[in-house]
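Each chain carries a letter (A, B, C and D) given by its place in the written order, and its residues are counted from 1.
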């Protein structure tokens, strides 16, 4: 479904990774490990389509991303470093506009059930500004049990989440994979009970020749 | 996909509803530009002269320039608040066309600030002794002008969304583009003051507004894609 | 030459006061356009040189 | 769309070495024709029957005024190439054209203002052309300021390209509205728009100095581009070798 062909990324003259080729099939979870600053977030932003500044190709359902952009958008859920949650709005209002943006309509009842699953039962009407950082992230993560996106791209979802939250999140990931979903995740956490279909890659192993700060001479005609 | 399918129109209004909720939950977002507008306009009589004859000549220009600066002041937070809490990424990742969402953001900004300025404009015009026969011209020209300011300023806001202290840069980028709006707007008020026909000015302002409605969202979407890409 | 002598050239029957300063400013801006890049070039070259020396020193250690 | 020939043609290294060859010639040619045009206009051309000698400022004002708007249009062209084909050289050109264009725009404004003094007795005339030139200067400053404000190079390139295109779309609107505003308030007496009827002895020096300024612009642009290429490509082997040779090490 999602195939990367010799993907390479360079930011501010620093080669983050190069010729990263991998194929993610339905029912698989790809865990990307790497030290801070090794380009994990950049890779996820490239996969999500937020950044088009990369070498190589990304194929979705066999075709190049640029050809199937709309379909790719419809079937992708992206969770970034900062949870896209408005402080002045309540969790319910936040989930409404986020679902609307993803072209999904959710009934009040579905939203309340999702919030309940992330332990935000009593907090539905509290403006998110008054919630803790962990709770705010859980409001964003509550979307996971609501969205129909096939491909989940999650950037460090386990940070600032308590033990109970971690268990819930792992169960959601497991359920998503079992019904042929796909997950790309960056996390330092060892995913215990879904080790069956987990594929791990370390970003440092794709960093290209060490100390290669000399670029090919006649290359570089393009931005 | 499930039956819960949204057409563009519904997303457009849901973004506007969200932004208006945000605006009214943080009253500062609506009140500050209006307060700024009142203050700027009352500086002129202090700075120049309080006498009626002079002020009535300058009133149209002062009211318009004040509105222009107030809109610019409030535009800085148009995309910045979304950028800071990560919702700008969600906006870009939506399957709905980005120009449509950009237009929704600008429309929400206009409803929150532009309308408030239009409602306070008569008060200022009174304070500045604007001849009464020019009031309709002032209101109509502001009604056409303020959305145009939000549209054009939106481009600058999108370009400077990730620039620290980008407020001044936003003004620098947007002011040259405001010149035609200002010229036709104040022109309408001035010819109304002189008792002449002013519909020509308003027609030009309307034409500029239509162009802005078509082109500005595209430019805002392009700018957002470029700036967030970095 | 249109003007008989240097003094009438400078005077330009009254307009020299405007013409010559204008050309002076023009010369200034033209000179700026030539000198500013050259100064910037020296800066860039010295930065690259320092960079090369660093690489060499790191290579030697 | 990586056309291979374009790959080589557009590569900064190729441009650097090629321009190294003919830049000196362009520079001398520019200097010669500028000197010829200005000296001819200043010393040998007859005074204008109406404005006397103050019209000699025209040999500086008209070329720089032409260049000010021509350079912005060239920047718009470079912006399109940067956005559509993402050619690095186009962005280098866009970045280097802005300061030169703004300096010409400033010079055109200063010469226009000083020219106004003997003709209308005031240092600054809110004439249609001068006012739109002033707004063009603000557009230039906008592009230069945006370039400096965004740190990552590729984002700055595309953002400045978008801003330049937005600016170029607005230039005709601004020009029209300023001219319309000018006729509304001033009437047509005070405009610089129609050039005085040019006698042949005046027209030739003007054309030569216009040619001279265009060549000068080309030479200075290539000079700045070469330096910017060194700056951007400092990590490539050819630049390091170039600098190492120059260092004599």
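One rule holds in what follows: contacts are C-beta pairs under 8 Å (C-beta built on N, C-alpha and C of every residue); 3 or more make two chains touch, one makes a residue touch a chain.
Please read these numbers as outputs of a predicted model, since none were measured by experiment.
Distance between Cα centroids is largest for the pairing of subunit D with A. The chain pair with the larger count of C-beta pairs in contact, out of A-D and C-D, is C-D. For the pair subunit A and subunit D, the distance between C-alpha centroids works out to 46 Å.
Rounded to whole angstrom units, the spacing between the C-alpha centres of subunit B and subunit C is 43.
Averaging Cα coordinates per chain places subunit A and subunit C 53 Å apart. For the pair subunit C and subunit D, the distance between C-alpha centroids works out to 16 Å. Counting partner chains per residue, subunit D shows two or more touched chains at residues 152, 154, 158, 240.
Each of residues 229-230 in subunit B touches at least two other chains.
Under the touch rule stated earlier, the contacting chain pairs are A-B, A-D, B-D, C-D.
Considering their complex, residues 11-13, 53, 213-223 of subunit A touch subunit D.
Partner subunit D is touched in their complex by these residues of subunit C: 1-3, 9, 12-16, 18-19, 21-23, 25-26, 29-30, 32-34, 36-38, 40-41, 44-45, 47-49, 51-52. Residue ranges of subunit D in contact with subunit C, taken from their complex: 34, 38, 42-47, 52-54, 56-57, 60, 64, 99-100, 103-104, 106-107, 110-111, 114-115, 117-118, 216, 220, 223-224, 227, 230-231, 234, 239-240, 243-244, 246-247, 249. Within the complex, the subunit D residues that touch subunit A are 2, 6-14, 82, 85-89, 91, 151-154, 157-158, 233, 235-238, 240.
Subunit A makes touch with subunit B in their complex at residues 48-53, 70, 73-74, 76, 78, 80-89, 93, 96-98, 100-106, 127, 148.
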